[in-house]
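After this come two complexes, each holding chain A, first together with chain B and then together with chain C.
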Partner chain A sequence: MESLTFRHATTKALPGAAPHAITGVVASGNLEILLERVLPPDACEVAVETPIAGYGAVWAAVVADFVARVQPGGLRISINDGGARPDTVSLRLLQGARLMER
Partner chain B sequence: MPASTDPDAVLSGGDEAGPPPPARATARTGMSWYEASARQRVAALCDAGTFAEFLGPTERRTSPHLPLFDLPRAFDDGIVVGRARLDGKPVLVAAQEGRFMGGAFGEVHGAKLIGLLRAALQVRPAAVLILFDTGGVRLQEANAGETAIAEAMRAIAALRAAGVPVIGLVGGRAGAYGGGGLIAGTCARLAVSESGRISVSGPEVIETNRGAEEFDSRDRALVWRTMGGKHRRLIGGADAFCDDTAAGFRAAALDLIARAPAFDLATLEAEQARLAARIARFGDCRDAAEIWARLGVNDPDAVPAMEAAAFAETVARVEEAHHDAR
Partner chain C sequence: MADWHSEARLRDERIAAGRVLADGKVVPAGAAVDLLEAILRPGDRVCLEGDNQKQADCLARALAACDPARVHDLHMVQSGIVLPEHLDVFETGIAKRLDYSYSGPQGGRIAKMLYGGQIQLGAVHTYLELFARYFVDLTPHVALIAGVSADREGNLYTGPNTEDTPTVVEATAFKNGVVVAQVNAIVDRVPRVDIPGDRIDFVVAADKPFYVEPLFTRDPAAMTETQILIAMMAIKGIYAEYGVRRLNHGIGFGTAAIELLLPTYGERLGLKGKIATHWALNPHPTLIPAIESGWVSQVHCFGSEVGMDRYIRARPDVFFTGRDGSLRSNRAFCQTAGLYACDLFIGATLQIDLAGHSSTVTRDRVAGFGGAPNMGSDPHGRRHPSDTWMKAGHEAQGTGDPMLMRGRKLVVQLVETFGDKLVPTFVERLDALELARRTGLELAPVMIYGDDVTHIVTEEGIANLLLCRDADEREQAIRGVAGYTEVGRGRDRAKVEALRARGVIRRPEDLGIEPLDADRALLAAKSIKDLVHWSGGLYEPPAKFRNW
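Moving on to the complex of A and B:
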């Protein structure tokens, strides 16, 4: 297993009041994403556990793109990966952020 | 489980409330049960917004064994447990996620189900609903998984003896296999959809041990004829056959809760007699279609393609499908 952690500063807090949300399933080519509103409003942390080692640079790019698009301030995001492709990861991150905006 | 042992705390609120209820509840009740995740099934099955999870994903009660095998964990270890309301009545619910490691029973996964069943003995809900979706025991933590199967069966027996109906719903992609099939057999009543499968040894296990001549696991029609929802309903192994939707399973669950049998010596002796009669009557059959013919089904070969209404009429004419013992 490879553990990766990415910390980003955001310009604003993610809107909404949901304290936590989960989306996706740990299955082949899929992943689960747990989002928790526990950080300061200008910070976001993404922690990844993946059985596929060696793709740190790809994860970093996908997470940076997500943070730039959504500005998910206040969220700690934990990912259990089942070997998802980058586009699936992006999709799930956006789905998770939408759930938190409720 | 909540730290409190106060029954009211388990059934009626407290600090375990999850995120706000999902919108579009009506749209969700029509979605395919087979395609849905465990969380989607629970949300669509129960009264809208009433589900409150115990040991939810934020508690991170994950498997202590999977990292030893370099395998990814799930925050809920593949099972969602909690309390909810069904048509206004308090129920406890467990739902397995068949896509995470085939919905298999590991140590934490099993402990969450057993804890829920034991809590039910104290709080006496109107029913316990188990949404099966499992291939059986998780081989990476097999001893703990096997123990969990036995303890879950014992807990269900205690619950049924106390008069709490335990209803199994089978319609997930992994079916109810291995120890999951045994637990299903311990439930008071079972509802199954066409895509649901109930058995102990799965198709691949039989083929591996006895050869493809005995059972070709790639022959999907054979698999469903032998273990699928229609067959289980016709021989009385399941008590309701429902559409592959949350609305279908909800209606079936409400109906089955209302007519759960007593759990006493008379019921067990009747069940034993029924099983003995089944092996005597059908033991030499080589295919499920032969069993259906002996049950009095006019055109057994038409059963697999039968629409729901026609199948319901067929079931109504088969005496074994309505046996009360279980």
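Moving on to the complex of A and C:
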């Protein structure tokens, strides 16, 4: 098990009013994401719990790209990973952000 | 005086030796080993029929059981290395040399035997290329083939899985070779004559029906959202963009997802009748919803697919069928159709390098190619235009007299950036090069050369290689869709953004594709059972796909 935390500054808050959302499932090759609107509007924090150690650089790249693309200001995102591939993580993050914009 | 009949005399000797064991042409399964020992000579070129679908398995077992003191050093020239017996013969010395095309399930073992020097490999071919060589320099002395039934004259019914048989028989029977057919049953009258009896020398009544692999059945239940996203991009960014009507699909989950999105996502985009109407394709169960929704005009097949026979019989407007009502497949003709009459080939691969070369060879597996290198190539002999072909040609060339610009076939690689167990699809150097070096091959087994590939689609986007003007642009376009692989993370971000501004790279958002829509709810069928319902109960899936 490895725990990783990434903190980013954003240029704006994520639009929408949903206070929290959850998407995905904890299954092999998949992941569960909890998104909460609890941080200042120019901050985003992503906490990852993954069973597979040694992929910190890839997680950092996936999270950085997500933040640059979506500007999810105000969100604390908790990832419960089941060994998902980076593309699945990226897709799930985008889906989670979309749910929060509703 | 010149002797013009030496081959015919040798053939007469082989036939005479075999006749001793036969009642007319018919040989019981128990005498199959004796028959092969009687007709084979050391060093013979032998085609043991078997491809990615049907297998002359009774004759394969008989060949593997031959006495290596009598039958040895054979040169096997066959489409598929699929059954354990296909490799057993190289361990016992019965066979020595090999020219083949496809080796899916035996990929791991064949790699070990190649590295160990137990097999002298000529080349890994594409099907049509190997068939072509049957008529030039790899003509079989003996062909061991499979049919459904035969009469006592040897008239053969190959049924829905006709596949390679007519080609193999043509090359062997008309060049002084001997043809042995295993059949599931000897009958008084065959349902239709697929191969005339005077081309068949011996008929072996097999101990059990020949094996057919359900290779083209993809369970919709296993389709992922990433595959659905990739399929949406292919439909909107390529099929709609180029108006692709005539096409071939590979066997992967990505292309199966496209088939299942036609009646839903394709319908929503208003594309019915404008794309995907004419196919060179095996009867994929996942195409059933599109057929039932009226998308598909016609389909010509390389082979059949387990469980699809009743459905095909009920849809003769769509499929090619015989007077008996069942499918007539033909691999050589369908490969030719895929080469010359289709405007798009789309398939998956295991590795793609920075120039766009792709291969299914990895360090410990040699899976072979099947038809992909043929259908995934731009045929320079093509002379008829189509809107799709012309548009692609114009994108590739940019300048020149339009009347002298040839078109281009669309050759699309549809891949996820990571395969099983986080193995990256994008690599700096293909493992095929290492295989060639270690086994002394002059040519690395590349499935599709980079200069034939027009588009690469991944979950990150579409790279249009037609619009790349030099090797550096090409490399950055490939890196730009390679996701979080090392190749992808090694991109020059500024160059990738410049390519995106020119439309060389297109992201899902550039195509107006919403990530939330990449949902399994979009699949026209979500399970094998749904496919059975779509077919009105006519599709009969094999047991391993039944989970209800």
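Basically, the second predicted complex is superposed on the first by the 102 of 102 C-alpha atoms of A that agree within 3 Å, B and C clash if a C-alpha of one lies under 4 Å from a C-alpha of the other, contacts with A are read in each partner's own complex, and residues count from 1 in each chain.
By definition in this document, contacts are C-beta pairs under 8 Å (C-beta built on N, C-alpha and C of every residue); 3 or more make two chains touch, one makes a residue touch a chain.
Small disclaimer: the values here were computed from a predicted structure and weren't measured.
Colleague: A:P15 contacts which: chain B (first), chain C (second), both, neither?
Modeller: neither
Colleague: In the superposed arrangement, does chain B or chain C reach more residues of chain A?
Modeller: Looking at chain A, the partner in contact with more of its residues is B.
Colleague: Is A:A27 touching anything from chain B or chain C once the two structures are fitted on A? First, second, both or neither.
Modeller: Touch partner of A:A27: chain B, not chain C.
Colleague: Once the shared chain is lined up, is A:P40 touching chain B (first), chain C (second), both, or neither of them?
Modeller: neither
Colleague: If you stack the two complexes on chain A, which partner ends up touching A:T88: first (chain B), second (chain C), both, or neither?
Modeller: After superposing on A, A:T88 lies in contact with chain C but is clear of chain B.
Colleague: So, A:V58: does it touch chain B (first), chain C (second), both, or neither?
Modeller: After superposing on A, A:V58 lies in contact with chain C but is clear of chain B.
Colleague: Enumerate the residues of chain A that count as touching chain B in its complex and touching chain C in the other.
Modeller: On chain A, the overlap between the chain B and chain C contacts is residues 99.
Colleague: In their shared complex, at which residues does chain C touch chain A?
Modeller: Spelled out, the residues of chain C in touch with chain A are 224-226, 229, 416-418, 422, 458-460, 483-484, 489, 514-516, 518.
Colleague: Going by the contact rule at the top, pick out the chain A residues touching chain B in the complex.
Modeller: 1, 17-22, 25-27, 30, 32, 34, 36, 49-51, 78, 80-82, 99, 102
Colleague: If you look only at chain A, which of its residues touch chain C in the complex?
Modeller: 58, 61-62, 85-88, 90-91, 94-95, 98-99
Colleague: Name, in rising order, each residue of chain B that touches chain A in their complex.
Modeller: Residue list for chain B touching chain A: 18-20, 37, 39, 56-58, 67, 70-76, 97, 99-100.
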